[in-house]
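Each of the two complexes below includes chain A, the first together with chain B, the second together with chain C.
Right after this comes the complex of A and B.
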């Protein structure tokens, strides 16, 4: 927690469980986000990062998936314990979400303007004209050219990048305190990705919105994050300021993740990969969930490691951290 | 439920930022423009409109009494006196056609209206809520679908008693399971779309999601099914009338005329020809109009 960011959301021990599955798909996840701060959750597909976001929004596919434990205190209320009607007052109002697929995330039967206006009317109780004015204002803020004309266009008339801008306009229409972006640029091509990221960052900075960015793209992380949480198989394995995670990764999984990023410069040898596959929920190892793939695994890894602070603000869940020291000890 | 006022998000804060410049109002309906520029749909609309007008104007049109018999003019071929000929007891076929349009169109439209009005909400509920709601609605639907359409309509009409109103209710209830199934299936497929999750993410309730996100997106196939079912319903009314369960003689309907005419196909083919052509044209009209409406209402088609 940084002193300059007053705490907005603090998640404590959040666990999500699927019916008929033995292991928690999201297990004991804790993090905080301050106002105006950006936390990136990174991890590969299926590590539980999107489910974490859906759990916070109260959008888990019930009854198949349930929050099994934990708290998520947002502006003084525990999101996990809220009833559906209170939750839907918060959604789209104090807390909003941008989805991965701009092509399918807008209702094809209504114009873009109507959909943004609907989000405004739902939470502000203003009349149609005022909501429409707000929709235009939001499209303009989302740097959509000819915003007035776009108001009356249907989603299929907009390009993917435009749609994602419209989604951002809709999500921010009620000035939420927290924005959750679930891989907002994955479906866009690279030049548009950069524009959309810049837009999100600008709007966030103007409004002081807290941002929870879910991504598997380390380039996005480097560009947007204040702090990073690395997830593996449902747990946060490492968390810290973005510079610390990139320059001094401590968890073997993070180290492997950093090694598997292609760079523009000359490369020596093959790109690094992490051996093996993510364990399925049925075959989840006891203790550290990365231990079956970890080159540094030892007997102590059969016990679940706690997130331990190894540098100010930098926490890692590895019994063998700091790795260099332990490896040197083993060799000695 | 937390006390709403204790929380910052609960208060309906005024809109952030002034909305100073006036925004031009929403543009008018594009669907109407699209429908008008579709000649096939206009032909369908013209056919439907023609028959609706004929049915509505039956009391004021200068035609003979549709129930007056004339034993001197039995089964006369079309002539100047009787443009469409006469039937087996000397009634004017043109007059019976015009008055019969009322019963047939009513039977087609009202019964499909009943089927859609009951079936589509039930189907959307089943698809939207799933679980026990879906199980209960779907099992009953399947049980109804197991009975052939016409048998079910006959059984219901016999149970309700013979009259045109009861025939329409019976046909509507018999056609309802098709709409439940269609609406349920379409709802299930729409529910997997990201925009439904998006609707929840902006805090919309179930009513708004069903009304504004599900219904408009399942509407086109339902519209097409409805126009096709109008044709089936007109023919079903004919069958019920034939059995004495629909329009009661001597009041005419196209179906009952057709059913009587089949006994005189060789001696008086015109008795079958006119109702047959009329049913064909009105069904064609509804189908063309339905296709055109579907295209006009689909925002994805330009």
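Right after this comes the complex of A and C.
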């Protein structure tokens, strides 16, 4: 996998801490993304997936939250160590982000065309006419019908799906090497979601953009990811190629999560559930953070498990992996 | 199934979206001529995308919104014209679960008062009996009786949805209508609530009406389904029949659009529906779906198709329903890989082995939470 994707971003030991909170909300997270590669981070609310993205973009709500440790090397620079002015040069230029709710990143007081053009002028120093031309070109690439007309419309005049496309157009206007997409289709209806996912995939393939996709939807993961990182309570608990994660889930949380999703096929009995609730930062369990909810938990889980390679490219942070072996040992 | 508990006949709702000083007001036909019969003891699902009118329909079913035309019948009695007082009495039997567990609970009321309120409103029991019942209901939905003294903000989304369900059960309803009852929840919490709703349905002999956009949840939970598009029911029938061989092109498109949690399950993207849902203030003439339908012919642009019987309890509103090519089933059953299936077996075994022990831990976890 890595041979065909030259490394674009490598995150190493990233931790994010909130003031007055004892535990790291993002804890010792490491991953890499190659050019043209899609890494999906999947997890439930509060697992730290969005904070990871915001930390990379330098958009953490400061001073409440800050990066406590770690590096994130993107095109030779450590994003964590950059000052705000250098970060502004990179953000929206080499690296861009799209959000779940387009209205949070589109300014309601400016036309769609002006907003895209502004992003182009800020980073490319071209004149107004050229920037507007680029904006139109981007709307066309985002398959927005009547692009010329849309340029002069305000965000509220577009439908939800169109707004999401406009935001994608804006994010890609400067040909970023890395695109971060935080739940880009969660607010959309399924037929529109399918269109937007296809658009993201097509544009990514055309441009060789690296994509960090953050989602809670395992269906979206299966359809977009090259590799998957599963996050739970601030940590990556399992990471590997998409086929390995779905065919050979190793971490008990991954297994429980997949079992919780109803299938589109015929009903096969009750849904699996994961007992209990996600721990709050105030009551984070010692050692493995999933141990309080894990049916396989044992004494050894009181220590923090390291993310260990279990098959080529497939890493899991569980003292009980491989699980078949451990369960058989317990029985013996 | 002993006949229809809830029935709608030619049900319509128009909302005025813009009323100019002069001239005709702009109207949205949110629900347009819906005929449905919901049977006792079944789980009936209404599915569709935003703006299709499913929430409006659900609210009309329990009289929260008055229809512009047509009727809603509860146990054969017409509801639409009932005076407020009799409507109140009816609400005891018909209860609603809202989608958003954050906005549907009054933040100034304790959980105990919230759950007790429907009983007080309907004059059920003495204060002592009510308190006891509140405790039992909270325990039944997986909360602790002590939680009665706390406020909604102290609970997580999943717990609030449980509170909403306890409140809906308080008056001893016969029909529970859930408007996207699990869609705001994380998947693992969603599974807990789905399982709980199924148990409660059995235990209290309820009829469930579930409004949802998540087709997998619908297939899992329901017996029969109605698919809506722009205010109209385009297809209805037993859930397995509709999902295995959807008759209406819109149902097919919906199925085709769902991402399947198994890599490579959908390798072609050819079936993606193009375009947006048309503006509901000016719906297309003829079949409302013809502007996006890959099969549409000239007739579809002129004539509105009726919801016609197809046998086997199925109905579909499509001129071409007998001529469409066969639907190629796409999701590998049961929608997960053999490797994952083996792991679920392990999980299941470990879960049931540690059930008692686990149960203790669960309650502990919930205790520490709020």
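One rule holds in what follows: the second predicted complex is superposed on the first by the 329 of 332 C-alpha atoms of A that agree within 3 Å, B and C clash if a C-alpha of one lies under 4 Å from a C-alpha of the other, contacts with A are read in each partner's own complex, and residues count from 1 in each chain.
In this section, contacts are C-beta pairs under 8 Å (C-beta built on N, C-alpha and C of every residue); 3 or more make two chains touch, one makes a residue touch a chain.
All values derive from a computational prediction rather than experimental measurement.
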Query = Put the two structures on top of each other at chain A: do chain B and chain C fit, or clash?
reply = fit
Inquiry  = Just to be sure I read the superposition right, which of the two partners does A:262 touch: chain B = first, chain C = second, or both, or neither?
reply    = second
Message = Looking at A:39, would you say it contacts chain B, chain C, both, or neither? Reply first, second, both or neither.
response = neither
Inquiry  = After the superposition on A, what does A:132 contact: first (chain B), second (chain C), both or neither?
reply    = first
Inquiry  = Under the stated touch criterion, which partner chain does A:195 make contact with: chain B (first), chain C (second), both, or neither?
reply    = second
Task = Check the residue A:324 against both partner chains and state whether it touches chain B (first), chain C (second), both, or neither.
result = second
Task = Using the superposed model, determine the angle chain B, chain A, chain C defined by their C-alpha centres, to the nearest 10 degrees.
result = 80
Request  = Using the superposition on chain A described above, determine whether A:79 touches chain B (first), chain C (second), both, or neither.
outcome  = neither
Note = Smallest inter-chain Cα gap (chain B/chain C, superposed on A) in whole Å equals 12
Request  = Return the residues of chain A at which the contacts from chain B and from chain C coincide.
outcome  = none
Remark   = Residue set of chain A touching chain C in the complex reads 44-45, 159-162, 189-195, 197-198, 216-223, 225, 242-243, 246-249, 252, 255-268, 270-280, 283, 292-293, 295-296, 323-324, 327
Inquiry  = Per the contact definition, I'd like the list of chain A residues that touch chain B in the complex.
reply    = 57, 59, 75-77, 82-83, 85-86, 88-94, 96-97, 99, 101, 104-111, 113-114, 118-120, 122-126, 129-130, 132-134, 136-137, 148, 151-152, 154, 156, 167, 170-171, 175, 177
Message = Quick check: in the complex, which residue numbers of chain B touch chain A?
response = 1-2, 4, 7-10, 12-17, 19, 21-27, 193-195, 197-205, 208, 212-213, 216-217, 299-300
Task = Please give the residue numbers of chain C that touch chain A in the complex, ascending.
result = 49-50, 156-159, 186-192, 194-195, 198, 213, 215-217, 219-221, 240, 243-244, 253-266, 269, 272-274, 276-277, 331-340, 343-344, 346-348, 350-351, 353-354, 358-359, 361-362, 365-366, 368-369
